[in-house]
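We just call them A, B, C and D in the order they show up, numbering each chain from 1.
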Amino acid sequence: MHDAIAEYVRDGLSVAIEGFTAFICFAAGHEIIRQGRRNLTLIRMTPDLIYDQMIAAGVASKLVFSYLGNPGVGSLHCVRRAIEKGIPAPLEIEEYSHYGMIGRYTAGAMKLPFFPLRSYTGSDLPRMNRQISLVQSPYSEERIAVVPPINPDVAIIHAQRADAEGNTQLWGLLGIQKEAAFAARKVIVVVEEIVDQSIIRADPNRTLIPGLIVNAVVHEPFGCHPSYVQGYYDRDNAFYLAWDGISRDQQKTEDWLQEWVFDVKDRSAYLEKLGKDVLSRLDPGDAPTGSLNYGAYT
Amino acid sequence: MTPDYTSSEMMIVAASRTLRGARTVFVGVGLPNIACNLARHTIAPDLELIYESGVYGAQPARLPLSIGDPTLVTGALSVIPMGDLFGYYLQGGWVGAALLGGAQIDRHGNLNTTVIGEYDSPKVRLPGSGGACEIAINARSTLIIMRLSQRAFVERLDFLTSPGYLEGGTSRAGRYMPGAGPMQVITDKALFSFFNDDREMQIDALYPGVSIDEVTAEIGWPIRQHESIFEVDPPTDDEIRIIRTILDPEGTVTGRLA
Amino acid sequence: MHDAIAEYVRDGLSVAIEGFTAFICFAAGHEIIRQGRRNLTLIRMTPDLIYDQMIAAGVASKLVFSYLGNPGVGSLHCVRRAIEKGIPAPLEIEEYSHYGMIGRYTAGAMKLPFFPLRSYTGSDLPRMNRQISLVQSPYSEERIAVVPPINPDVAIIHAQRADAEGNTQLWGLLGIQKEAAFAARKVIVVVEEIVDQSIIRADPNRTLIPGLIVNAVVHEPFGCHPSYVQGYYDRDNAFYLAWDGISRDQQKTEDWLQEWVFDVKDRSAYLEKLGKDVLSRLDPGDAPTGSLNYGAYT
Amino acid sequence: MTPDYTSSEMMIVAASRTLRGARTVFVGVGLPNIACNLARHTIAPDLELIYESGVYGAQPARLPLSIGDPTLVTGALSVIPMGDLFGYYLQGGWVGAALLGGAQIDRHGNLNTTVIGEYDSPKVRLPGSGGACEIAINARSTLIIMRLSQRAFVERLDFLTSPGYLEGGTSRAGRYMPGAGPMQVITDKALFSFFNDDREMQIDALYPGVSIDEVTAEIGWPIRQHESIFEVDPPTDDEIRIIRTILDPEGTVTGRLA
């Protein structure tokens, strides 16, 4: 992880750590904080706790997003503090709806000049964000809203498993990870397990991201805690609740960052500090899919 | 006599009853989630829950903590990329009803979830649209769930995030907004609709024991009243039993919001 | 099958039987021929043998497509005969490239007024098909090609399995089936197996088409022969080769239709006539996926 | 001395050699399929095969009979909807080289696969574009494989299905055509390129034993010649062995096309 972040996430670049509620790679976010990156443009539909922490640590100068919330809990206090009071530093924002962000990633991935969507009619959003525009349909009177492509410099995607070349399989909430990866100039894949390529090839419809577009594969078990990985561990909701208290205060937030990010060397040290009890509390139990037949066709 | 249910429970029951016979509902967590699940147990047994996280036909084994809870994935009928959910399901016209909320609402059912104060120097920065803007435009109809208060029911929004009936009347027509707009506003004291030519919010019904004055006092404009306001039936024993024993046995939602 | 076709496929409607090389529902096509439908608009990226047979039988007055071929073999002689010589009846055509057809289905499914794609520049296709148009991007000088939505009256999709409500799972070539189903006004799903809903729910990422949009579920094992179903049977390539000979002659084609369509009551009778040897020759052998864990999360 | 290989085998070998070091190739069945697999066994071991049917990284266990053969699915790295293949892979810029063919080609590498004669009253109705039109525009480069003949190498196409260099020169520039256009034309007698300012087809190399006159006789316009035409190396023993024992042991492709 250290090397992948050091090589691809440079000061001033745009970075998308994606995963909707699930698969949020806190390990990568913490490593970016630890390496002291500055002036990043952070892109994410739902900034979640990971960007709350990164913004509190001062890595970002701009945020592109569609929903600011601690899911199921409340506000992202650090992001609000940056927007409302410029603490620890002013934060430029560029704001869309969910489908607008989805459209931006999709257009970026498909190298389209724009993505059309039925949204924004009557809303104040286009007034505040001039990137949202309109296009006249040649087939009717309709003028439809469009958003421009987005191509992050780096996308970081967490998944259950990949082979050594980065052919990546994911099940559960697929979010916008495929689109973000294809839209990005560089892709870092972080996985719970690195598996033999034969396992990937045994179920090719499950492959969301091909190794072709992947620049680095990082093996980082429990890399999403306190977020979750379907079938591997549950969300640590106690932490999401606790963060609501910690994050209301900049000093308390900085103390937390010191203890849980700067003072731990890497993800292994973080997990050791967290303790086995927490991880075993998050065991999801079993719900197997069963096996299918693709046919040998020899 | 104190009623043996909380105002949150009454809201949940009222919301669930609006889903009679519905086939699909676009749902958030918390109170709306319980309302939809209550409807499945009572008056809409074929109702399928759609979450913007990409889940269709969820069958949660526990109370979901967020719209991205893994318990919504396991056992669902289909789990898909969010682009498919917004493109094929929502914009494709397959979302029958959608539940929305907000920090502010105006007389035409327009919602603000973006900011209190000026956009560029906000007093309170709210979460933003999420999917609400396109849901308000594309869902066949929307149901709005909000607690009554002068701060929330305002003469003028600080920011229009998600369109209701815009300037009222036929403002939605001819603007390629496939959905019909808000059908009902469900609050903790009364039910409102927009069934008039101006598409302006009106009091349709009061919860048991609530007076008109208690309602109008919480609204920042002179609210219209339907010519014959009725009283909502209180929760049935069955509805309360399902909420308390099946849907929210620990009172996480109903307790917190009560 | 008889009832589903009788109810939904009426004279004059537009019908899309989709599936790219794979999953081509010959059983549905034959039933449409048997029921004597007329003036259908047939929509399909690759008309394949099924539309060759249907057009030779005179069910269609128009064809919307992107590639006319007997895959891996050669020409579709019946379609050519209809276009070149008006036999058995004149056939109007409306022609796109593959991505153009994909875009039409996608826009139809997403209720978009148009779908933008980087194609057609310098090609004669837009001259012959005025439906292909251009849209000016608001973000650059680019004018990009667009195609209009298509919404077939009926889509017929074959898959491995569905539950009784039509929640349908499919693995192998996914083609454009999801888009065609969402674009259509009515959807008929035909499956090799009807399974308990718990099997569908055990692997929700595999569900391509939700029961919500399905009007009829038909259980028709081997319903795709001579096409194939991944993991269930192989393509009957001997028939694809034989068809090249049969289809060169209208009389021979009509004799074949008499013998294999009109003179067999339904798919069971067809399979019985075909014989068990053919079906066992098409057994694909085993290539299992293995089972995954979604986690119980109780 | 009769050479111990067929012209089909020479074409396959010549095509495979153009893929040296390539990472991805968009491939059809038949001769192009064998050429790509030969490249994987020889000069492009990391080459991944992409099929428009939605397959990336195929590892066919038998000779595929079509681009939709199930043997391309089983054991592939990824199998996806066609919209993703055309949108994310092809238009996204991830297809390095693509093999194309056609019934007619002109001096600027434009291809006709639609019709011989008038579009509205065709002498021969051909298959049409399939994915070729967008492949010709978006693949980083294309390789054209066709047998030489006066009927195929024509002064004027009956229909322009897939653009090469259009009117030649810089015609592709400024027209939002991300790909560079045709790099090479591989025939049964000679190799051609477009490496000149006019982007006009020129003879670069002859197969062993083929004369310039045999080539020019099959081309419907005065064909340019590179100033130093070279002779292509004949197939190596290894190349022939791989074709005959591994890729097409029954001679289905090499035999049929020979």
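Here is the rule we use: a residue touches a chain if its C-beta (ideal position, glycine included) is under 8 Å from a C-beta of that chain, and two chains touch if they have at least 3 such contacts.
In this text, all values refer to a predicted model and were calculated from it rather than measured experimentally.
J.: Of the other chains, whose C-alpha centre is the longest way from the centre of chain A?
T.: Max centre-to-centre separation from chain A belongs to D.
J.: More contacting C-beta pairs: A-B or B-C?
T.: Ranking B-C and A-B by C-beta contacts puts A-B first.
J.: Chain B to chain D: how many Å between their CA centres?
T.: 58
J.: CA centre of chain A versus CA centre of chain C: separation in Å?
T.: 37
J.: Distance-wise, how many Å sit between the C-alpha centres of chain B and chain C, to the nearest whole number?
T.: That gives a centre separation of 40 Å.
J.: Calculate how many whole Å lie between the centre of chain A and the centre of chain B, each centre taken as the average of the chain's C-alpha atoms.
T.: Those two chain centres are 28 Å apart.
J.: Counting only residues that touch at least two other chains, what does the list for chain C look like?
T.: Only 111-112, 117-118, 142, 144, 171-172, 174, 178, 202, 205, 230, 234, 284, 287, 294-298 qualify.
J.: Listing for chain D: what residues touch at least two other chains?
T.: Residues 55, 69-70, 73-75, 79-80, 87, 91, 178 of chain D each touch two or more of the other chains.
J.: On the basis of the stated criterion, which chains touch which? Give every pair.
T.: All touching pairs, sorted by chain label, are A-B, A-C, A-D, B-C, C-D.
J.: Please name which positions on chain B make contact with chain A in the complex.
T.: Checking each residue of chain B against chain A gives 29-30, 52-55, 64-70, 73-75, 79-83, 86-87, 90-91, 110, 114, 119, 122-134, 137-138, 159-163, 166, 171, 175-178.
J.: Tell me, which parts of chain A touch chain C in their complex?
T.: 111-114, 116-118, 133-140, 142, 144, 146, 148, 171-172, 174, 199, 202-203, 205-206, 230-232, 234, 284-298
J.: Which residues of chain C touch chain B once you look at their complex with the stated criterion?
T.: 109-112, 167, 178, 182, 197, 200-202, 204-205, 207, 210-213, 294-298
J.: What does chain B use to touch chain C in their complex?
T.: Touch residues, chain B against chain C: 23-24, 48, 55-57, 59, 61-62, 69-71, 73-80, 84, 87-88, 91-94, 178.
J.: Which part of chain C faces chain D closely enough to touch in the complex?
T.: Interface residues on the chain C side: 20-22, 45-46, 65-69, 71-72, 75, 79-80, 83-84, 95-99, 102, 106, 117-125, 128, 142, 144, 171-176, 178-179, 228, 230, 234-235, 237, 240, 284, 287.
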